Amino acid sequence: MNEKIIEVKELKKHFKTKSGMLHAVDGVNFFINRGETLGLVGESGCGKSTTGRVLLRLIQANSGEVLFHNENILEYSKPDMKKMRKNMQIVFQDPYSCLNPRLTVSEIIAEPLIINKVYKTKDELETRIDELIGRVGLSERLKTSYPHELDGGRRQRVGIARALALNPEFLVLDEPVSALDVCIQAQILNLLKDLQKELGLTYLFIAHNLSVVKHISDRIAVMYLGQIIELTDYKSIFKDPLHPYTQALLSAIPIPKLGVQKERLILRGDVPSPINPAEGCRFAGRCDYSKQNCFEETPKLIESEPGRWVACHYVRQLEQN
Amino acid sequence: MRKKISIFLVGVLLLVTALTGCSSAKPEAASGAESTNGSEAASGAETTPAAPAKDTLIVATGYDAKSLDPHATNDVASSNIMEQIYDTLVVLNSSNEVVGSLAEKFEVIDELTYKFYLKKGVKFHNGEELKAADVAYTFKRATSPIGGSIAHIVGDIDPEGLEIVDDYTIIVRIKTPNSAFLPSLTHKGGGVILNEKAVEAAGDAYAMNPVGTGPFKFESWAKGDQIVLTRFDEYYGEKPSFSKMVIRAIPEATNRTIELESGGVDIAYDIATNDITRIEENKDLKIIRKMANSTTYFAFNTLKAPFDDIKVRQAIEYAIDTETIVQAVWRGVGAPAVGPVPPNIKYFNNALGKPTYDVEKAKALLVEAGYPDGFTAKIWTNDKKARIDMCTIIQNQLAEIGIKTEIQVLEWGAYLEGIKNGDHEMFMVGWSTQTPDPDMSLYGPFHSSQKGKNNFSYYDNPKVDALLEEGRKLADSKERQAIYEELQTIIREEAPWIVMENSETVVGVRSNIEGFDPSPFGYHVLYNVTIK
Amino acid sequence: MNTVKQKKNKKKSIWLDVWRRLRKNKMAVGGLVIIILLFLTAIFADWIAPYSYESQDLLNMFQTPSFEHWFGTDEFGRDIFSRIVYGSRISLEVGFIAVGISLIIGGSIGAIAGYYGGRLENLLMRCMDVLLAIPEILLAIAIVAALGPSIANLMIAVGISSIPGYARLVRASVMSIREQEFIEAARAAGSSDFRIIVKHILPNCMAPIIVQATIGVAIAILTAAGLSFIGLGIQPPTPEWGSMLSGGRSYIRDYPHMTLFPGIAMMVTILALNLLGDGLRDALDPKLKN
Amino acid sequence: MAEKHLLEIKNLTIHYQTDYGTVHAVEGFNLEVGNGETLGLVGETGAGKTTTAFGIMQLLPEPAGKVVAGEIYFRGENLLGKSKTEMKKILGKQIAMIFQDPMTSLNPVMTVGAQIEEMIKLHEPGTKEEIKEKAKKMLEVVGIPAVRQDEYPHQFSGGMKQRVVIAIALSCNPMLLIADEPTTALDVTIQAQVLDLMKKLKDDFKTSMIMITHDLGVVAEICDKVAIMYGGKVVEYATKESLYTKPYHPYTVGLFNSIPDLDSEQDRLNVIDGLPPDPTDMPSGCSFHPRCPHKMPICSQKSPSKVVVGSEHHVYCYLYEQEGAL
Amino acid sequence: MLKYFARRILMLIPVILGVAFIVFFLLYITPGDPARIILGDQATEESVLQLREEMGLNDPFFVRFGKYAYNLVVNQDVGKSYVTKRPVWDEIMTVFPATLKLAGSSILLALLIGIPIGIISAIKQYSIFDNVTMLFALIGISMPVFWLGLLLILLFSVKLGWLPSSGYTTLNAMILPAVALGAQSIAIITRMTRSSMLEVIRMDYIRMARSKGQDENKVVFKHALGNALIPIITIAGLQFGRLLGGAVLTESIFSIPGIGRLMVESIKMRDFPVVQGGVLFVAISFSLVNLLVDLLYAYVDPRIKSQYK
């Protein structure tokens, strides 16, 4: 079952800004097996969205490799990349800006098919569109309506249908439900899980809401300031978080249950600026357990226990200082 | 936050004071004129103490002078100013005879040499005394490339032939005999005498700092706005009765009339036709009118078909009703022209009568010429409103005999270049005789040597050339009159031109101004005016 | 197959929606009605005008408005009403074609600069700054003087002098659309730059462009009239409101009617265009509404 | 003795006039808030939470928003009857508000200190220095170094800006604080900091608070009582304990089920299908009936009246009408 | 701040050269030979040719432009007028005060009238006052400047005789031209103030200010206007810059010898150096005005000020 569809090695993406180099993605490593969902979690500005877009080469990476079926797509030429795009697609966060307001639903869904000239005749195209619309739970009569006539939930469904149009193997879901209300959010999550089961899709699910990510992911990676600091299966990350930042992150989540109040780890200060970050562990400044060499040597993401990757010098030896 | 907005408002107020402050100061410096001009008087608010109004004469002209260096330009606006500043060796008396002015007396030694005896003790505005050397220097400069624009007036002078006999006597020789030489020396453009020291000292800036011997001396010039002259107390002749003269440039005819009515100006040149009745009815204003020596004509490029055929030209002449056109456009100002020589110039051949208007004859001639159903052609005119109007009516009248025309309004630059390259077909333009001699009206426009320069219609008739050269040599006499009358008859017959109108100078004057007599040549004497 | 038909009238619905919002704004509808009337007068000028614009009647010049001459006659006895009617044809022609020129050239420069950004954008925008530094009317005068006064050159002059305005407008709206996620989605689907610009970006920039174009026609008519006013515009005897105004200005004291009526005609036209422009701005950009 | 309730809202109805028809944002809204009590007002987008807050503060956008019916008793006086100048004295002094997006709640061209001083100057006497001092103290209280009082909002992060807004709101020690989703726009770790601060200040200043949110986790952390809003009205009101142990209204039940549970293993969330009601044409009777799994014919005819189902716990639903609750 | 200022000045150089090139090219293709015009239509052929040579009119285009650009950049000399032989700089400086006064007073009118009315109609949106001012503003924009000028002369100079119809040196001579030219600027600034205020009034911090119990006009004038100033300053700067060169129509109606009219006359006279010098001068002043506007931004909006540090 665990055939690696996509593997990312030492991926780096730096943006030139007036006040220095912004290290958005700074040496990220992970892999996703077929049919698996990897959750990518982190606070705003940690580089998770950039990672997703660099994977699909919507943004050009500075260095590193993205192996899709063991071929580095970063070196692909434009035509090869165009062929490759068929099997990797993306679903966006903001329902109000991910659909072209001037096109009808069926035109939006048809767009990728027309670009890649998938179907010869119009009828084949129409049937494929009807099939996709049915697949994502939209009613037939919405085919000719415009995005401004739909609510947030339905727009996301159109976005998903568009992403599925080219029968991709791998989908990057960039905070697909963050902008939705709780009820609608649940409907979309169910839809995504059904699609994965049915079409054997592989997901990279980017989000900042941990409970949503836990529900849908098999494994979860936590990002902080452009680096993955912990990557493990979804059960153990909640039960037994290793990295101090993950611990703080989990303790900050308000639990909609009574009497389950954990002792709260309140982090000091704000996230430091990603521009020209200092050497050493980037969380050291705010970590209660940071020692001297935390400030000197950048911890590598290592498999300290089977299936438990973490980037910290003092895994399981955290003592309050 | 409150601080922010108040600072913004203060900034705006500063902008205000800076603007009104510096600008009112600046024109002061640039134009140097105490802002005592009339418009202020009328509006009451005296910003600076003005001399009593009646000691200043304010004149409104249509155009600002181009330059006050007589050798650098020949336009009417500049000549109007130079008239008050400079003097010539000789002038014309009321019966158009040449008499001495700066020159006490003069002798014509032979047809090529003239001797002038200068008045003594004549002072320039910079205090220098007029010497023969100044005259020699002036004529040398006039014939050099600098004097290009007045070459046709004093071009005949032989720079080598200038001989200074003593401080107050000078002999001037000309290259070819020309009886019109003496009258041309009266021209306030080419004929004025400059002061050598002043011109050399000023160099390029002389155009804005003229020094002459005339009754008024230059004080200041706000380009495009006004020129101020003050009385020259050591003037050798009769001193003017007022001490200051301001010539304001007001391009809009309507504005000039309004300023005249409101007392902003004492004299307003070129009054618009429809303002004449209004001024005549106004008791404190009066209109002075005088026929001018300039003719507006409608002509053909005689090199280009079909205008090389005399029948076509004559047909068009019959088709154009100059009488109605002049009445429609000028409404009583000026008069339909008879020939290229204006009425009050010597040897004007009135017998020819105005061109006749006969549409049937015109059509017949066209058929004879081989154009039964007419042809299409272009009409060129420059951007003077009256000329555009005349062309518009001509266009309509020619359409009746089947000639379809398109009017092209060109600026002066493009117009002249077009004519030099011969691209023109029919065109309307003006010609003014600047000296009282018929040679000036005919030689330039009709002599074959002047083709492309002044002879816009490229007219070439050996007989006419001969007559013109003959006429130049003869002194005033019966034979000279016969020659010029014959010339006018031939030209009328061959019709390279269809003369339209002789313009009339119309000047509005306040009733308390006496003694203003406009000159037919377009630049008027102001220094002999008296203010009641 | 009914879906295809259904799509056809659905497409209309976008503009139907705009019309429904526009109709609510009475002033804008008034503007639209005036403009339509203007188009009709321009097209059917020959039937509407009682006299030809050229026919002179030198006997009764400067007639004040009377029954046979509703707006009176000018200095050649020509009927002013007919000349204004024909004049509408010239003004609309100049207005729309000039805007067309500046929209196509300025618009494409703006689109390219907005979409690609970087050094190309910098270069293009600096050129626009150069054109913008020269006041529109001076640039137009220089162009007409260079090319010679004719209707075509007038249109070119007015068109070229307003290119920077459109370039900046299109660039700004392209840049705002370029950041939208549906553009990234199109790129993710492998679409070419050209298709992205034509199918996704430009249709969404239509609103500000249409509004600017409507008001642009008004500005073009004004500039053209201004040029004719200083004698650089249309050749006589072609009737154009600017030159009629200029012609009448020396008779303003005795026969004000000669400047009054062309002035009113021009103002009403430009007012109508501005009213429509404002109305379209609200109707096309609903987000401005709520 | 202060009345039983600091704030009592009776049958409040607020409509917006728009081009697309009248929006029934708030319809027959009833609520009470006791002294020193924190009430959580929970509902999805478009349920009318913010409109209610604006109704209380009389900040409804002119001319579109209008209070059509109902009374709002604050300390026994009906706010709706008050004139503009009377309201000016109450706003800021007795009732204060925190807005959702910290990025746009502060005037970008005014220093942070000046914006706090403005609030104090409006309601408390004192010389310029005294007011400046009070403002400095308030900054310290919310955990921002006082030395930063002359900096501008753009120099602060989202979390810090929200602290400034809290400092402004509490600077005159108001009786009632209305917080409209104060932490929704913040990251979860920063949200924890701000919620922690609000809890501490609430107790120190003994302020009663209305916490508007859609996150049941936040309610569990900070609120004493909870009101669930749907379609412009309260559908269930209870203490936190009784609501979290046994929610009655089907919508509340659905809400709890829609949240993925961190501890347990769920394959699919059992979801409330359908969409929230369109405020321009509200469904008849109980506005939840189109989506309600236990729908009965009566639900679509009449809108249910209040049914008390426990101490300080009532619900508006016909399911419990017949049983004749205790 | 100084570094930013210097950089902006340096960026002017390419713009100026660009403007110079465009004007030079346009004049190069303009028919009409300056030498012939200066010497007058009756001048002799030799003197015309000689003058052409003297003026270097016969050199190829790029040589002439090269000489001009070198002269311009190296010793800031814009040459002498063909007609009056005076340095172009003096020619411009004599006419500039008139244009500055005209443009300045109309912008001033626009600010003093436009801003208050714009604010009031924003506060009282959809009231009668708002609708009436908006209609007047629309008429103000649609009114052709030259027609308005003629009407003003007809009414105030001719019929009532209160104000002079030409000249610019006295204050009341400036009233009519300033009103004629200013009408359009007043309309534009009123509309811009209104829309900018409307946008700002909807912001959260305005609602925040109201929730403090702040009284309404403090909210409007202190909070709203403070933020609405930036677009207003931009438009005022643009308008002022455009008027500096664009007031040619008003100048011709009121016989004000301004830069606009000098440009038109010089083009007609083919006095190339004056045209080039004049347009360059207008372009430079236009850019300097924009630079001033940018500096004003920094003053009004702290966010921009911090960028300069």
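Chains here go by letter, A, B, C, D and E, matching the order in which they are written, and residues are numbered from 1 within each.
Everything below uses one rule, namely that a residue touches a chain if its C-beta (ideal position, glycine included) is under 8 Å from a C-beta of that chain, and two chains touch if they have at least 3 such contacts.
In this text the structure is predicted, and so the values were computed from the model without any measurement.
J.: Can you figure out the chain closest to the middle, judged by Cα centres?
T.: E
J.: What are the two chains with the most C-beta pairs touching?
T.: Pair with the most C-beta pairs in contact: B-E.
J.: Report the inter-chain centroid distance for subunit B and subunit E in whole angstrom, where each centroid is the mean of the CA atoms.
T.: Between these chains, centre-to-centre, one finds 36 Å.
J.: Approximately how many whole Å separate the CA-defined centres of subunit C and subunit E?
T.: Averaging C-alpha atoms per chain gives centres 23 Å apart.
J.: Counting only Cα atoms for the centres, state how far subunit A is from subunit D in Å.
T.: Inter-chain centre distance comes to 32 Å.
J.: In whole angstrom, how far does the Cα centroid of subunit B sit from the Cα centroid of subunit D?
T.: Roughly 88 Å separates the two chain centres.
J.: What are the residues of subunit B that contact at least two other chains?
T.: Answer for subunit B, listing residues that touch two or more other chains: 1, 4, 252, 254, 383, 411, 414.
J.: Two-or-more-chain contact residues of subunit C, please, as numbers and ranges.
T.: If we look for residues of subunit C contacting two or more partner chains, we find 145, 148, 249, 252-253.
J.: Spell out, as numbers or ranges, the residues of subunit D touching 2 or more other chains.
T.: Within subunit D, residues 107, 109-110 contact more than one other chain.
J.: Would you mind writing out the residues of subunit B in touch with subunit E in their complex?
T.: Interface residues on the subunit B side: 1-2, 4-5, 7-8, 11-12, 15-16, 19-20, 22-24, 26-27, 30-31, 35, 37, 39-40, 42-43, 45, 47, 64, 66-67, 72-75, 145, 148-149, 151-152, 155, 204-205, 207-208, 222-225, 248-252, 254-255, 258-259, 262, 264, 383, 411-418, 420, 444, 452-454.
J.: For the complex, give me every residue of subunit C touching subunit A.
T.: Residues 3-4, 6-7, 10-11, 13-14, 180-182, 184-191, 195, 199-200, 203-204, 286.
J.: In the complex, go through subunit E and note every residue touching subunit B.
T.: So the residues of subunit E in touch with subunit B come to 30-34, 36-45, 47-48, 50-51, 54, 80, 83-86, 91, 93-95, 97-98, 100-101, 104-105, 108, 111-112, 153, 157-158, 161, 163-173, 221-223, 225-226, 229, 252-255, 257, 261-262, 265, 267-270, 296, 299-300.
J.: Of all residues in subunit A, which touch subunit C in the complex?
T.: 53, 56, 58, 81-82, 85-86, 89-90, 92-94, 97-102, 104, 106, 108, 111-112, 115-116, 122, 126, 143-146, 148, 159, 162, 165-166
J.: Which subunit E residues qualify as touching subunit C in the complex?
T.: Touch residues, subunit E against subunit C: 14-15, 18-19, 22-23, 26-27, 29-31, 135, 138-139, 141-147, 150-151, 153-154, 158, 241-242, 244-246, 248-249, 252-253, 260, 263-264, 267-268, 275, 279, 282-283, 286-287.
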